[in-house]
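Each of the next two complexes has chain A plus one more chain, namely chain B in the first and chain C in the second.
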Partner chain A sequence: MSYISVGFAILTFICFLLFYFAPLKLKKYILLTASCVFYICSSKYLIILPVVNTLFIYFLSIKIDKVNEAFNAKKKELSKEERKEAKKQNSKVKKRICTVEIVLSFLLLAVFKYMGFFTGIINDISESLSLGSIPLLSLMVPLGISYYTLSIAGYAIDVYRGTLKAEKNYCKLLLFTVYFPHIVEGPIGNYKSFSSQLDKINKPDFETFMTGIQIILFGLMKKMIIADRAGIAANQFFDNYEQYGFTTSLAGMILYAVNIYFDFSGCIDIVRGVSCLFGIELPENFRQPFFSKSVQEFWRRWHITLGDWIKKYIFYSVSMSKINRKIISLCDKIKNEYFKTTVPMFYALAFVWLFNGIWHGTSWKYILYGVYYYIIICAGLIFEPLFEKICAKLKINREGKAFGIFRILRTSVLVVIGLTLFRADSTYDFIQIIKSVFVYLDPAGNISDYYNSINLSLLDFVIVVLFTGLMFFISYKKEKGTDFIGWFAEHKRARWILCTAEILVIIILGVYGSSFTRLPFVYAQF
Partner chain B sequence: MREKIIEILNSIKKNVDFENAEAIIDDGLLESFDIIRLTTRLADEFDVEFTAAELVPENFNTVDAITEMIEELAE
Partner chain C sequence: MPLTAKRIICFFVSLMIILSGVAICSVICNHPSEDIENTVSSFYREPENSLDVVFVGSSGASKDFLPSAVWKKTGITSYCFALGACSANIYYSVIKEVLTKQPDALLVIDLDGFLVDDKFQNEKEPIMLWTDSMPKNRNWREVVNRFLPDEKSERYFEFIKYHKNITSLYAYLPITYRLLNKQINNIRDPLGGATLNRTAQSFADEVKFFDYKAENESQSLTPDSNAVFEDFLVFCEENNLKNIVFVNLPKITHDEFSYNRAVDYYQRTNYIKSKVEKYGYKIYNYSETGNEANLDIETDFADTLHLTTPGAVKFSEAFADYLERNYSFEKKSPEIIRDWNERSSLADEIIYE
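Then we have the complex of A and B:
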């Protein structure tokens, strides 16, 4: 069931009515029921997977809590030495339980999402050794498995680290796993925040309701007016790239960047708005990413919850691991203070970007996608002192406006190249597209052939350009600190006019109807 | 200990008033790379061992919080 479908609208409407009139105690159970209905409509009997996975995590996390409680009760009676030893033992037991939780969750993910990929690798190896091949195993992927696995694993690690108490109510934890607004494309949940909001859940007031509606309409505009049009044009280019030259390739790459940004951020707006109707604020997933001055900053503003998850559970864990501490002590010999503390990060960053690449999909190009960002970020760290010296010598003001714009453009170029790799059907296709832009430089580029082959009119392109410009202006104002939601909350008449205008714009300019096949949300496939 | 922590913080990021800062992490004064640099330096200086569990914003938002965390780790 898509977030842009009559079925989803009906489900949300019924759920909202029941939620609104239900007694406080029952509200979270209504959300849980709606989430299960949504899941069953999309993945049928596979709902058993998140249910069982959550059950395991639920029991084992309670076990970790009990181990902790036993240690805390005992530790006051122990001497300092004994306490240290008991702490070590306690930590070992907890680590064992947590490892079981994580291995189990990721094993399910590996079996259901990556089995085809792994079988393919085994076949490639065995065929090269003339050993024959095994049948290709590819199972139906359960809805949102990549997202809920991270959410529930994050919860398990937080309990293990002691930053969160284990949840005693299984239904509450299951709701966190399968909550229908965030199950398909995230944002990846944080249990602490989700749980505290569930505890305070109440009848939504008019202001919260209107905020939700505003965010939903904004997301629908992004998806139905910009993303779906840009997606048609981008797909035409990527499916036939070998026919086109420099200009078309550049246009195709930019159109895909426009498509994926408005598709993903539009979806997140819709689900954040829907969740707002139930009084639950989902975390922000985008913060004007195309205003980033570096690739690192881009990843702090794009798919924020994935970046946060990887930072919290992979980057910090690997950085603090025994191996990394050994690398740190080896690097102590480096005299330069900057490199002494920077080089050990390359080890942790390798895990970060490998994970980021693999998480996105079951193909080598996604691994290369992670490697691409790994190289850029490491190169940035290595050359940072050199850049500083060059800028000082050329008297370039690194904090100045002109240099800031240069950095934004440089980051955008790198990101668009990264997204091309992300979208291309294979690594070979990606290389050919990049060659057509940077090597062949054929300015004629058959752009008229490209334009004629797309099922879009000139008006469609004008709409994409105008609305992208409008969204850029809104992002720019947000970047400068304008709080649109807050402003419209104070100017109620303007809000009514805005909402009415948005509905009309979606009806008139949105792409829908029997002649149009809606492109599925890009990130729903991960 | 407090002075030494401020000195280390300033060696990682210059021109920041860490002493009076109330949300070092939440305000983005230190990023994840800086935190790893900071913990490496603090571990050397105070002979303590950090784990990933300590790397939460609450432990790094103020100089007092950092001091308190190191005292606890040293126990």
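Then we have the complex of A and C:
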């Protein structure tokens, strides 16, 4: 069930009505029921997976809490030495439990999502050794498995680290896992924030309701007017890139970047808006990423919750590991203060980007995607002192506006190249596309052929440009600190006009119906 | 969240604005095909029981039959209720609409709809063009439920399919103007539903008339076409339709494929002939007339299955003679004669521009 389907709208409407009129105690359960219905409609019997996964995490997390409680109850009676020993034992037990939780969760993810990929690798190796091959198992991927696995694993690790107490209400935890607004494309949940909001859940007031509607409409505009149009054009290019020259290739790459950004951020807006209707605020997942001045900054503004999750549970964990501590101690021998602190990061960053790549997809291309950013970030860190010296010698003001614009453009180019790799059907296709833009610079390959082959008129392209420009303006204002939601909350007439105009524009200009090729949400496949 | 009067009013005002905006855009955008829309809407502007003949069929009929030429030759009033790519499975639906306004008209049925292979019977797009152009009545509902159960939402809310046309506003505004102007001013189509084909064929290979003759050679229709044909006969019987003539339109060949297809069509026509004779229906098979319309292979054919405008004039005149020989029609009053003469002049201006 897509977020822009009639079915989803009906489900949300019914859920909202029931939620609004239901007694306080039942509101959570209405959300849980709606989430289960949504899941069953999309993945049918596979709902058993998040249910069982959550059940395991639920019991094992309670076990961790019980271990802590037992220790806390005993520790006053113990001597210092005994307390130390007991704490060590305690830690080992908790670690074992947490390991089981994480392994179980990620094993399910590996089986359902990555089985085909790993089987393919094994077959490639065994065929090269003439050992035959094993049949490729193709399993139906449960809805949102990549997202809810991270959410529930994050919860398990937080309980293990002691930053969160284990949830005693299984239904609350299950709701966190399968919550229907965020199950398909995130944002990846944080249990502490989610749970605290759930505890304060109440009838939404009119302002909250209208804020939700505003955000939903904004998301629908992004997805249905900009993303899907750009997607039709981008898909035509990527499916037939060999026919096109420099101009079309460049246009195709940019159109894909436009497509994926507005598709993903539009979906997140819809999701946050729907959740807002129920009084639950989901975290932001995008913060004007194309205003970033570096790739690191880009990844702090793009898919924010994934970046936060990876930072919290992978980067910090690897940074504090024994191996990394050994690397740090080795790096103490480096004389340069900058590299002394920077080089140890490379080890942790390798895990970060490997995980990022693998999480996104089941092919070598996605691993290469992660490696691409790893190389850029490491190169950036390594050459930073050199860039500083060069800028100082050339008297370039690194804090100036002009240099800032240069950095933004540079980052955008790198990101668009990365997204091209992300979208290309294979690494070979990616290389050919990059060559046609940066090496051959061949203007031939009729752009008119490309234009005639896509079912879009000139006005469709004008609409993409105009609305992208409008979104750019809004993003620029937000970057400068304008609070649009707050402003419209104070100017209610303007809000009504805006909502009416948005609905009209979506109905008239939206990409839907059989005359358009409607595209699924890009990030839903992950 | 109290529902204050202000909020309710705001909600309804917004709703009205949205509905008005969508309605205006629907008027501009909901144009499945100007030709088909024109053919269908103009039919309903014909005075009741004013037509002697109504030609039902697909693109062959639409291009080959010119009511103005028929009128000039024989004084027979007619209408070309033919829809491009129309499959025979909706002939019955078209005839139902014809019978609402012209119950006594002689029905001329383009045989091509039954002669085609099965893949052409099952195409949904032609049926959608029909349902999106016809009046939204019981007949429409029946066609939608029967043939387009999976596309109901787009049939009930055509805007879902056609709103894309807003991005070709420059093309659709003139179409909207023309169609609305005809609707508002009750302007009947001077061409009587026909469409013109001005470009003659330019096949590189040798082009020949299809004048194959083998009265005893018969080939049954393909399974789906046969089922459609049988259903059609049942429909005719149930509705007590006595005045029907089936037509196999002029054809040429230029290669093995077109020749074999023409042979298939001919043999299937013989099969149909054997079936319809007991109902008293006639068949006008042009390939058996010895090219009585004197069609010129170089200038009168647009392709193997369709005539150009000069060809259509010639064929229509020849077919009009056939109708005059085989059927009797009511004498026309001076007003009708004047009206049709005017209309015919207007048609000539378009045909000979």
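By definition in this document, the second predicted complex is superposed on the first by the 518 of 526 C-alpha atoms of A that agree within 3 Å, B and C clash if a C-alpha of one lies under 4 Å from a C-alpha of the other, contacts with A are read in each partner's own complex, and residues count from 1 in each chain.
We adopt the following convention: a residue touches a chain if its C-beta (ideal position, glycine included) is under 8 Å from a C-beta of that chain, and two chains touch if they have at least 3 such contacts.
Fair warning: this is a prediction, and the values are worked out from it, not measured in the lab.
When the two complexes are overlaid on their common chain A, residue A:Y20 makes contact with chain C while staying clear of chain B.
Contact with chain C, but none with chain B, is seen for A:S457 once the two complexes are overlaid on the shared chain. Of the two partner chains, neither chain B nor chain C is touched by A:L255.
In the superposition on chain A, A:C499 makes contact with chain C only, not with chain B. In the superposition on chain A, contact is made by A:S317 with chain B only, not with chain C.
In the superposed pair of complexes, A:I328 makes contact with chain B only, with no contact to chain C. By the touch criterion defined above, A:G162 lies against chain B but remains apart from chain C after alignment on the C-alpha atoms of chain A.
Of the two partner chains placed by superposition, A:I4 touches none, neither chain B nor chain C.
Looking at the shared chain after the overlay, A:Y512 reaches chain C, while chain B stays out of its contact range.
Contacts from chain A toward chain C in the complex involve residues 20, 203-206, 209, 456-457, 459-460, 463, 496, 499-500, 503-504, 507-510, 512-516. Interface residues of chain A facing chain B in the complex, by the touch rule stated above, are 80, 161-163, 296, 311-313, 315-317, 319-320, 328, 337, 341-342, 344-345, 348, 381.
For chain C in complex with chain A, the touching residues are 1-2, 7, 10, 14, 17-18, 21-22, 25, 151, 154, 159-164, 166-169. The touching residues of chain B, when paired with chain A in their complex, are 11, 31-33, 36-37, 39-41, 50-53, 55-56, 75.
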